[in-house]
Amino acid sequence: MPTSELRCSPAPPLPAEADHEEWVWPQIKAEARRDAEAEPALASYLYSTILSHSSLERSLSFHLANKLCSSTLLSTLLYDLFLNTFSTDPSLRSATVADLRAARFRDPACVSFSHCLLNYKGFLACQAHRVANKLWTESRRPLALALQSRISDVFAVDMHPAAKIGKGILFDHATGVVVGETAVIGNNVSILHHVTLGGTGKVGGDRHPKIGDGVLIGAGATILGNVRIGEGAKIGAGSLVLIDVPPRTTVVGNPARLVGGKDTPATHEDVPGESMDHTSFISDYII
Amino acid sequence: MPTSELRCSPAPPLPAEADHEEWVWPQIKAEARRDAEAEPALASYLYSTILSHSSLERSLSFHLANKLCSSTLLSTLLYDLFLNTFSTDPSLRSATVADLRAARFRDPACVSFSHCLLNYKGFLACQAHRVANKLWTESRRPLALALQSRISDVFAVDMHPAAKIGKGILFDHATGVVVGETAVIGNNVSILHHVTLGGTGKVGGDRHPKIGDGVLIGAGATILGNVRIGEGAKIGAGSLVLIDVPPRTTVVGNPARLVGGKDTPATHEDVPGESMDHTSFISDYII
Amino acid sequence: MPTSELRCSPAPPLPAEADHEEWVWPQIKAEARRDAEAEPALASYLYSTILSHSSLERSLSFHLANKLCSSTLLSTLLYDLFLNTFSTDPSLRSATVADLRAARFRDPACVSFSHCLLNYKGFLACQAHRVANKLWTESRRPLALALQSRISDVFAVDMHPAAKIGKGILFDHATGVVVGETAVIGNNVSILHHVTLGGTGKVGGDRHPKIGDGVLIGAGATILGNVRIGEGAKIGAGSLVLIDVPPRTTVVGNPARLVGGKDTPATHEDVPGESMDHTSFISDYII
Amino acid sequence: MPTSELRCSPAPPLPAEADHEEWVWPQIKAEARRDAEAEPALASYLYSTILSHSSLERSLSFHLANKLCSSTLLSTLLYDLFLNTFSTDPSLRSATVADLRAARFRDPACVSFSHCLLNYKGFLACQAHRVANKLWTESRRPLALALQSRISDVFAVDMHPAAKIGKGILFDHATGVVVGETAVIGNNVSILHHVTLGGTGKVGGDRHPKIGDGVLIGAGATILGNVRIGEGAKIGAGSLVLIDVPPRTTVVGNPARLVGGKDTPATHEDVPGESMDHTSFISDYII
Amino acid sequence: MPTSELRCSPAPPLPAEADHEEWVWPQIKAEARRDAEAEPALASYLYSTILSHSSLERSLSFHLANKLCSSTLLSTLLYDLFLNTFSTDPSLRSATVADLRAARFRDPACVSFSHCLLNYKGFLACQAHRVANKLWTESRRPLALALQSRISDVFAVDMHPAAKIGKGILFDHATGVVVGETAVIGNNVSILHHVTLGGTGKVGGDRHPKIGDGVLIGAGATILGNVRIGEGAKIGAGSLVLIDVPPRTTVVGNPARLVGGKDTPATHEDVPGESMDHTSFISDYII
Amino acid sequence: MPTSELRCSPAPPLPAEADHEEWVWPQIKAEARRDAEAEPALASYLYSTILSHSSLERSLSFHLANKLCSSTLLSTLLYDLFLNTFSTDPSLRSATVADLRAARFRDPACVSFSHCLLNYKGFLACQAHRVANKLWTESRRPLALALQSRISDVFAVDMHPAAKIGKGILFDHATGVVVGETAVIGNNVSILHHVTLGGTGKVGGDRHPKIGDGVLIGAGATILGNVRIGEGAKIGAGSLVLIDVPPRTTVVGNPARLVGGKDTPATHEDVPGESMDHTSFISDYII
């Protein structure tokens, strides 16, 4: 029996991307309603997190506030903060929907949008980071840093609030991800767990990686310094990358080397961050 | 002074394995009673988690429920769920006892069974996973996925509920372990922290590693794809493994290579997952 | 615009090191007061964690107790434990101040002492570890192990309470750090996230690394066995180290090799743990 | 507009009393389902307290455990205690159903059985008292007394666990009710808030009131000593009663006097505890 | 020394009543700021409840949500509910300000507006009741009843959500107050603790007291049935009232009688609910 | 069978009163140890509240902090406050012991000192009030008032922090007790539930009752105004008292009258607050 049958449901036929923002919230509610009916033990959870809310922003604010609160940072305070931020910046909603879409269509283990919204710590950390980033740009830095700390405690994802992150991002599994202060991540990027976008030392300034659109970064990869990972590049799992990587090429190993060689590197599809092919490119890996 | 003297107590003389299930619960209570008497500040904790309970299943259900609960998934709900599952499936109890035994006899830092029961997040994550896996097989998938999410938040161990895991498993330290949907782990396996048994991309189906009985996987190893790690193989710390590994051989490095060479690989003892020798096999490692 | 402008404030002019212990607490309060005035949403948090307390020990005990408590280990119990330990051992205070200083002056993302005190999980895990270590040396081992477990759950930092750790330590980002029972870490060491100081197998005894003063260990490095990392050595990110490393040399790779070669290794500054240069030494890394 | 129209729904047509125990749980679930559909903001609460449970005992145990728990008496412990007690003593279930029936049919403000189950602190205090009483009779007195204390803290209803209480009891509003150690309350009794069934002093022994079947005790009445309140008697609001009251008579005032006079007291219906007529009998009250 | 010196501060000179709504929130913040400066241990509480909020509605919603929440009715849900209700009905704000004014100027123990806002359970119960009443009138009855139940558990004040309550109400001490479904309370009424406005039996319909403007009801008074308490009447402490009371008269005793006699009752000032004279009128009380 | 046999244990033979302070804490621990052994379900509670503590002050501070904390007033803050206050004022400890003694020897339902310490809300409210009173006298009034509010919420006992209360006080059942700002209560007084020591109106100054040594006040009695209740007086349950009561006399009724008549009042034993005879004095009560 193919394991794909284990999946809860096939991906639904979808509207054009432009319509997604209107479409996804009713879809999430429909999923949650179906699950609540099938599983009474989970119904209370589904009603409190999704079904009692009138919008995706409210649901997400509620869920994040209850996840990230502590005895000294109350859920009501965080709820207010998230709701105000999500409500006043429509670009955040658009990014949230793109991220939901990214998880749903790139990760075969993601059985529904509501599954991602409720359970994906990479997704949740990323949404909370966007709020922290907005606070940072508004010079509300101590609050942004407190939020970063809670995200790191709760989700084991440590992203500096100054880091700039695009839309359509998948942080898969997400545990252990570290993203430094001056890092930039483009659109439609997929990043696995234990990935570090780190700095180079104690000197401040622009010192973290710049990740181009469509990049795929495998589990445990470490990228250090103000290096540029070109659009559509693939970074193999466990790689250590310290210099620039050309667009649409693949690097593997510690230290990382170009697949196909430095002078005639192999190139591939445009958006591996979406196609998510982690291993075929490393056909020359042998034991 | 040899550091072994730092250990709280020598491993007790043990009954034959078959009798362990009867024997281990009274032993745990005896350990907890001794500790409660010696340390009044911990007595309340030991009574609530162990000494007030009439069975290992109840103690474990209580402890997991209080660890994994959240403001939207109440401890009473989880307690009910765990207790019902552990009570109706005797194989779960048997697996729990085998895991306790694995930690106690393979990890020299494990000073007692109660130490493992209370404090080992790898052990606790694994027991909770078994419940999630049972829910998954009963088609209670949204609940299984919610449980996976809580395990990942609380223990930083992300195991898909569909993954099949044997008995006598040690997840040592455990932080950052990722186990994918179609992964299978045999019996008497030891897996260190930051280990990934990951997939290969966005296509569903059978796409995760199959780990044979008795395998030992070192810290930070990454194994991707539907590859087979033969019985009794050792995977060196930090290795990246993308193809099959023969039984009773050792692989090291990124990319991983067979110790002794591809054609004449060195072979070793049958169950490194139990003997836990992490480094002697890599005598050819040099600086 | 240089990103260094993103930093909240330049490092203040400092008194001589000897005066730091007196100086740092008023400085932390001044920082917190400034932040509370600028950000009313955070003022409650800053008052409860810092501004309502009469000493650094009280503030730290309060903060750790509220971070590490659980439904079965109450905050009041932990507060008592932390406060009693910090109050009766002045060397702990001295180590705390040295660690605050380490974060403030080595990590360009650390904008203030209060930022480190409140938000750095590596700093908090290390202070809690020192209490666990003290309990261990006083033969209060079950309590020390319970504390280790809570630190690992909450901060994803797993340090055996018997491990000996010096002063002026920076655990940067910290997620996934594992430090074994017989490990020793000297003074002025900097350790990035996902670093393992692990053992070699199931045999007890002295089996974990000894890290000399001033060492810098990059992200994801794995050091296994009773090996000695000489004073001022640098361990490159992602390295796997299984044998001794000479003082003031650099090792990189999996398996790790000496930069400059085994016979004529390059040497460098005395205290890379303070200078924090992660990448310049690996000029020979190429793709 | 008559205020009776304010009531949510008319009392449903009912089966014969003997069938109530089978009938009431499905009825409660139907009510909760209707309310959850009409009010999404309450659905999570209704699912967690009622709709996710398979029996009245489980629902009640869950609800009481979450109401009465504290940081030192965990909800999981109380849940276990309540569930075990309700499951092993069928007479408790029968009494619970009779009490639900009492509230539903005597209190015009009680709009449904689920309303009583969830919201009536007199009902909840009485069910928890029955568990405390059972513990008391099993000589588990410290636990019974701890439960009494929690009931008094949470519901402001202080009933000694030794007090014997019949079935079909309505504690209306309930705040401030005090019932002493040797008090006995018969069946089908209705007791308003601030009622005291108190003792006479520091001497132990049988020193509290005995309340006959069908008695109605008005708000704020104080009955002291081992006095007998005859079957079907009415005790007027605010009365102070220190001597026996004959069956089916009414007493009023401070000190209480028989309506109709000591020698020719007026008598009335058999079960005022059910008919709940608080005021018509005091027609001679004047200003 | 006159005890009046014990009061924290004299009542401030006040603007005209019409300006109160604008004036009171800055005044509350000024009081809280003064207290936070003088008492660091309370500053966190004052910032979270008052100083971090931008309006009285937000502060009150936050405070009520955190007071009334439970493990099954989360603070975030209640906060949303309160904030939405207070924001959409300006008459609620006006009533809140009138109640603050009532406490501040009638109760000599009320040292500031913030003291009332934070600490007066009668005030808080009344504001939460107004929300429950609004829900009731919007036919959201199950939610209104759940709120009533929480108010009764937390504050020991049991007010049916259908009860109509005016503005400028002081519930002093408040423990044990019971107000029935069809009760109506006018404006500028003062009601002490243990007061019951109760019904007459099991028959529905209009069955609870109607309290005129300016009435003063002493501690422990019980008023039963659809009786009319005329404007400006005084009900003596401990009275039992079962029939109408004429305006501006006083009744005392159990059963209550008119001071001055039924035919020539003494009359008094117009608004005893504001002048709060509890005892001078009962000059004929003797021992 | 006499119900006195229901009591858990006879009062132990006692040392002379002067030695009580030394004797009571070991006695409480012995009781708790016995109960923990007999009832494992309660052992965790008993260890956390009593057996893990080194002194009565610590145990009481811990218990009060966990009872009175809220989401905005953390248990760690309250613990600190209670412990500091109890530790620095030995007279508080002496009063606590006298109150424990009062409950143990006057209330036949009080089976042990630990029963009172853990479960008597009147005892706990009184100890917390003493701390509030000390804060008040030190001009830390906002904190004192916040504490009063928590005591009123949690225990339904509302005592103004300025009220002066002697030693050896029993608040039996305690729900609904109200004690005003300028009230004074002497030593060895017993006060039942629903008792009000109230003021007379909106004018400040000395306006509350003064209760002499050894007085007994029955349930529901209301005493209003700056009246003097002479030493050893008894106030009957439900009485309304508005003028002075001579020493060693008894008053009953609403309004209260002297038993024996105004001119030749009956007198009785010196300390009814200790003998606790509630009813024999009212032999002339009739129906």
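Letters A, B, C, D, E and F mark the chains as written, and numbering starts fresh at 1 in each.
What we mean here is this: a contact is a pair of C-beta atoms (placed from the backbone, for glycine too) under 8 Å apart; a residue touches a chain by one contact, two chains touch by 3 or more.
Model, not experiment: these values are computed from the prediction.
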Could you tell me which chains are in contact with chain B and with chain E alike? A, C, D, F
Maximum distance between Cα centroids and chain B occurs for chain E
I'd like to verify one number: the distance from the centre of chain A to the centre of chain B, where each centre is the average of its C-alpha atoms, in whole angstrom. 27
Rounded Å distance between chain C and chain E, as computed from the means of their C-alpha atoms: 54
At what distance in angstrom does the C-alpha mean of chain D lie from that of chain C? 58
Could you pull out the residues of chain B that touch at least 2 other chains? 41, 44-45, 48, 52, 66, 71-72, 74-75, 77, 80, 156, 175-176, 194, 220, 238, 254
Sites on chain D touched by chain B in the complex: 44, 48, 52, 58, 62, 65-66, 72, 74-77, 79-80
In the complex, chain E touches chain B at residues 71-72, 74
Can you check the complex and tell me which residues of chain D touch chain F? 70-73, 77, 80-81, 136, 140-143, 145-146, 148-149, 152-153, 156, 158, 160, 162, 175-176, 178, 180-182, 194, 196, 198-207, 220, 222, 224-225, 238, 240-243, 245, 251, 254-258, 262
Partner chain A, residues of chain C touching it in the complex: 2-4, 6-8, 35, 38-39, 41-42, 44-46, 48-49, 63, 66-67, 69, 75, 105-109, 111, 115, 118-121, 154-156, 173, 175-176, 192-194, 218-220, 236-239, 252-254, 274-280, 282, 285-287
Help me check something: in the complex, which residues belonging to chain A touch chain D? 36, 40-41, 43-45, 47-48, 51-52
